[in-house]
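Each of the next two complexes has chain A plus one other chain: chain B in the first, chain C in the second.
Presenting the complex of A and B:
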């Protein structure tokens, strides 16, 4: 195994070296290092050209310049990084990178996680309801999303998701046709997703339509959009509902110990709501605090699960931990929403909360919650754009491999021995169906750090992708090379990791050199 | 697509599919005939094919090709007087049968949006096809050589492929696009407008072939162990003949399906690059370039933005559907298993004495295995974000 890894790594590093060399030559040809001087009418234009030539060392042949760059870059191995300078801005590349990487990670993490989770879920349901109207609908929708150009979606989102939505927030009134149409659509989707007999179809349609209608009506009638908050009641209701749903999906409601565990965890969470509000009030929070509180929550969840004992305490512990995470999430969201009023009326925001550009509002100061809320309003649209276009491939993957797995003999065996359908799907089928995803997901996650080039450019999000595009437009070769090396290295690592993970997860695959 | 063979295989196919085995019923049909019949019965693919053909015919006839003039009265460069306020479209839903002089509207200097979108469709389709052809040739050649000869040549070619894979497609595309559109580049002294679009297609095709090469290599590695290759070699056939006459026809499925799916990535990549300013750029036109040019005008002249985007989506969607239909058609694992509901309906019809039609009705259903997503889908990640 180690031999295999070494060989693979060495050969790919060699490939990466060749790639950087070829791209350096191409870039040298493609970039116009005098672009800002071409239209200049300055009297000393000759001098300007000459000094630019000296600055970029254009006298020496391009191969020499490549090896100078390579010598500086390989200094990174011994801790003396010199990736060159972005000459137009006069900034060291080493100083540009950390901010860009941080911004990109901030943007793509949530988007990737959400698209994987939602994509797998939709694909799963679509596979279970194969050949139903819901399945055809999802298939068509995923093809549509797969064909969407992200730059087009992004411009639409900026117009309708931000500008028009901010206008709407000033006077949130929806017409009856819109409300009724949305409710019926939601009813139809839920009806298709839940499936079952004709009678169940009818009930789920009526139920989902009524619930959606009530929610929209309540949101509009109580002016929730302009003072959104969950409050202790909202947190309690959603926490208890989450506990039941999680238990249903993970162990089934028949497992009483697990059900009691998750309900107890939810109740503990509700009990901790007020003390936490006090903590948030008296102590200045930070992400470290949040992480600490999350760890505490998970520990409580697991402890409750283990305390209930039963035949399989770890199953209960797992369910308890999941419920605890969900409760922590709701409490966090609730606390962030409490700042909405302050945020919205801040002069820098001026009642137009959804942002179209950048990663943070300039001139906005505030506590941990305000700055986070500000990040979220900025993250919202680019994340939606990214999720919309990446969700489709996960849906197709999951649906395809789920259908293949569902035709296997061991699924028939599991059904034949009388296991409930939930166990067959969640434990026997889904786990095996997710196996092929193990070779896709790491690659996706790591290559995402290379940045969502188009999305970042449109939303003015100064991450890696935008760094690349801006440097291309400014003819700065060094940041581009740094970008290529970083994305290349990450791709190498990602592919190795994917192979390794797959070999570990699937015993049928053996890695040999 | 020859229609002469339609009736026979189609009929035999549907008649046999009512039973679960179906193998006797398709006896006597060639592989090609079976695939053609499967493809022609794929509703999504046929719809995609028809819509795509209609768009292509419409766009090329409206604006003409080269010296041949099109039937549309305006062209994409000349500006005229702005008819409606702001250049709003003369074609509206309230009166869908009167198109007017500018059905898709005009831009701020009075250029006709319909003519521009049609020209953009032409260019984008052309670039898409060139990318497809170039990737097809490069990918198949490299994959075939690597898979057939194995050994050193294989590892060398696969390292080259890795080199293309580790850098995101959009990055290489942007660099190449900037190179051929830049001032320091000339192509046999031709004007930029003459070579930009075709050369961009060739350049992007030179980037997108990697997934095809890997798949063809895999296919060839499996095929070269088969008996018919051995017997061809024993009969004295040379390497070239074995590759071209014996192995390539057997890997046609993989090649055709993946080239089609690659073309749907190709159009999105080209439009994205043109949008970023590294592909087709003004005064040349492509669908992405139009959106780039008009994105700031969205609030005031949304029609300039909607039509170009709509055509990108429809073209990409059509190509995706065709690719899906081809994949189903070429997949030998795909048996026509009717859905549970259709089986019940067929049962009911059999009970009421209309067995023949019921079996035929159940026959067009597509099978489960064909939907399996392929591992090659992940190569284009960088291109779409």
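Presenting the complex of A and C:
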């Protein structure tokens, strides 16, 4: 194990050295350090060129400059980091990085989580309904999304997700054809996803259509779009529904202990709704508080599960904790949405809540909830752009490996011994189907910290991707090198993590030197 | 069994509900200033601010000077007709013509935002910075003092290096004369100098950074009066140890890319103060209630939001997040912007102009060496080539769709519409000699030269679509005249300028002002921007005269003569001014644009929002 780590570390260092050296030479060749002076007609242009040459030390050979850079960068190992200077900005690279990394993490975290969860779910359903209309529809859609150029998606999203949507919010009226069309489409999708007999098809179609229609109608009729909030009733309904769904997926409704646990947790959550509103009102909240409350919620969920005892209390505890997280999420969302009215009428927002540029509205002052709501309205579109595209690949991965697993003998055996279909799919098939994903996901997550260059540029997020492309455009070699080192390191770490994860998930695999 | 626990759970829930009987105080009353809030204007810009000192080599950029233009008062600025106007900082007068003496007098209202008057000490420090007279280290010596990354290391005690240089200020070799009350300062030029009006205090450059803050940070003197005196003393006595510290602070001490903790850095002399700056995102300027000067700004809060994607700017306008933008002008941006309701699109000339340069010294078709040193033959070939360049056609087909009022630029020096333009164009002969699209005339010249189908390599930026279109038009005409045109589209055109691997180049020059010494390095023998290796003793002689000519009429006469030479020698040709789009929502009034920096910001005080 230690030998394995040592060998990995050594090879990483070697690779990084070679990569940085080669890239430094290439960048030095490719970048034009005088780009901004090329077109200048300033009378003192000669002095400007000379000054730039001095500034970047261009007289010394590139090899020398590389080792000077390396000396500074290797200082990071002993805590005296000197990654050089972004000369155009006149700023230390060490000062640039934290902000950029923060912004990128903010941008990609939600997008990654959502795309993994949704992608796996859709892939799963699509695999179960192999060769059905739903499966073809999903396949078509995921290939379509996979091939979309992100800059185009971003522009379309801004046009329809922000500009048109904001216009729509000013006067939220939908024509009947649009409402009916959407309802029928939703009905068809649900019908495909739920599958079953002809009769069940019909029922799911009618049910889903009616529910969608009712929801759209209610949303429009009660002006919910302009004062969106769940309220205690919304939180209760969604919490209880969430409890049932989670129990169904995780243990099956037959496990009565687990069902009681999750329902109890949901009821406790509903009971705590009002006290929490008081807490939120009297105490200025922060993310630390949110984390603390989440931990408390999880603890309550687990405690309830354990209290119900039964044959395997930890299964109940797990279910309880999941339900508690979901409840906490709903309560949080509800609280944030309570600020919608204030936010929307703020002069800086001017009733156009969905933003197209930047990470925050300038000079918007407000409490924790308002600033978060502001963050969300800015995160919405870039997140959707990222999710749309990465969801597709997760769907395909899951579907593929799920189908492979479903055709194996042990699945047939499991079915033959009379296990319910839910157990077969969730416990026997999905777990094994997720194994290949374990090697993809860590790499995906960590390389996402490298930033989404195009998305960040178009939406004006100054994250890592933007830092990289801006430095490229400004011919600042030092930030580019820092970027390369960081993403290179992360890639190595991600692969290492994937190896370990694999070993943990699959006992047949050993991490060996 | 589990019913018991259910009972406990239900009891808990009930208790909680009872607890909450004291309903939370709902209905927030914060946020939403409603009517009567400050008026806010959102301006979109592509590149973030990075330094308050716009006079250093690196700080001298429009991204900086647009902001400092609104934060500081100045002595002179350009209006929309490119006429030089007097700013509010004070007056500039010529005291004597020979030797050239210029006196700057500060207005009584000229005050830094911390209450210290703006006075001669500030301008003296600026002179120290720009004139290079006090630098003890030559450029070569400084070389060794760069640290690993090439950043100028703190100079050792006693070494002075101000990282700036400006030809006008460099001609002032003597110490400036400061009046007793420090309300005025007089500079004496060692030779005559044509563009003395713009040497100090132009637009966003103002008097640059406050002397007392520089001294406070460099020398640790808290009291502003003492600090100012210390600066003046250091300059007067050439106290190298104090000057070296001042120079270090002046060079980099005013650089920041997010809101600085040190409020001293934000001391300013104009109507707006900086109140927020989120790195890479936005910068907020607010009307400074303590400002006592004459500039009356209309908008309470100006927010500059940064995004370099032109389409993102247009969509930001449409979504109401931005009020004014000046994106890179392309047909897509124009049509997208014109399609939006409630938005005005102004098209005009930008600061960059397109031109074709010929190479004189690479053994190519335009080099006399190719013809055994026969100047005349080479000149005929050059003239022939320039005759084919379809200037009118290029403007008609490529630029007119973006800017209806676009014209062919007929002067090497001046922007169309600037004060001297018409006078120069009437006599320089560019329009008559090279109207363009004249393959017949070109063919005759080639026959006269006795050169058959010379091969011309044309260098231009390959991925610049507009340049590619121009090249196609040029190629058509030149080939009709018998030239063999070799396409040399290269995205690294910038690094190849002057390396002799091409015969003609197509790119843009940016003018930063309309002075007569500007752009002389494009055609002066051996100068930096003279990539084609053009050499002419007569032109060099005229350029030297222009430098010391202070009379405007005489300046115009000399510039015209230079241009006549350039036309006659077939130096190259100019095509058009790049179009500039100013797009703004109808809630903003009084937006106008000027060709040079600070472009649309030039009349910021007249902006109004509704």
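The definition used in the following text is that the second predicted complex is superposed on the first by the 511 of 513 C-alpha atoms of A that agree within 3 Å, B and C clash if a C-alpha of one lies under 4 Å from a C-alpha of the other, contacts with A are read in each partner's own complex, and residues count from 1 in each chain.
By definition in this document, a residue touches a chain if its C-beta (ideal position, glycine included) is under 8 Å from a C-beta of that chain, and two chains touch if they have at least 3 such contacts.
Quick caveat, the model's predicted, so the values are computed rather than measured.
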| item | value |
| --- | --- |
| Combined model on chain A: chain C and chain B, fit or clash | clash |
| Partner chain(s) touched by A:163 [first = chain B, second = chain C, both, neither] | both |
| Partner chain(s) touched by A:32 [first = chain B, second = chain C, both, neither] | both |
| Chain B versus chain C as contact partner of A:176, first or second or both or neither | neither |
| Which of chain B and chain C A:367 touches, first, second, both or neither | second |
| When both partners are placed on the shared chain, which of chain B and chain C touches more of chain A | C |
| Partner chain in contact with A:256 - chain B first, chain C second, else both or neither | second |
| Partner chain in contact with A:457 - chain B first, chain C second, else both or neither | both |
| Partner chain in contact with A:487 - chain B first, chain C second, else both or neither | first |
| Touched partner set for A:287, first chain B, second chain C, both or neither | neither |
| Clash with chain B (superposed arrangement) - responsible stretch of chain C out of 98-106, 422-430, 458-466 or 476-484 | 458-466 |
| Chain B/chain C common contact set on chain A | 30, 32, 155, 159, 163, 457 |
| Chain B partner contacts - residues on chain A that touch it in the complex | 11-12, 14-16, 18-19, 22-23, 26-27, 29-32, 130-131, 143-144, 146-152, 155, 159, 163, 386, 389-390, 393, 396-397, 399-401, 403-404, 406-407, 436, 439-440, 443-444, 447-448, 450-455, 457, 465, 468-469, 472-473, 483-484, 487-488, 491-492 |
| Footprint of chain A on chain B - complex, ascending | 159, 162-163, 165-168, 170-172, 174-176, 178-179, 182-185, 264, 268, 271-272, 275-278, 288, 291-292, 295, 298-299, 305, 309, 312-313, 316-317, 320-321, 324, 339-341, 365, 368-369, 371-373, 375, 377-378, 381-382, 384-385 |
| Chain A contact footprint on chain C (complex, rising order) | 2, 5-6, 8-10, 12-17, 19-20, 22-26, 28, 30-34, 37, 40, 42, 48, 50-51, 57-59, 61, 139, 142-143, 146, 148-152, 163, 165-167, 252, 255, 257-258, 275-276, 278-282, 284, 301, 303, 305-309, 311-312, 315-316, 318-322, 352, 492, 494-495, 497, 507-512, 515, 517-522, 527-529 |
| Contact set on chain A toward chain C in their complex | 30, 32, 34-36, 38-52, 54-59, 65, 68-69, 71-72, 82, 84-85, 87-91, 99, 155, 158-159, 162-163, 166, 256-257, 260, 264, 267-268, 270-275, 277-278, 280-281, 304, 307-308, 338-339, 342-343, 345-348, 350, 352, 354-360, 362-363, 365-367, 370, 457-460, 462, 466, 478 |
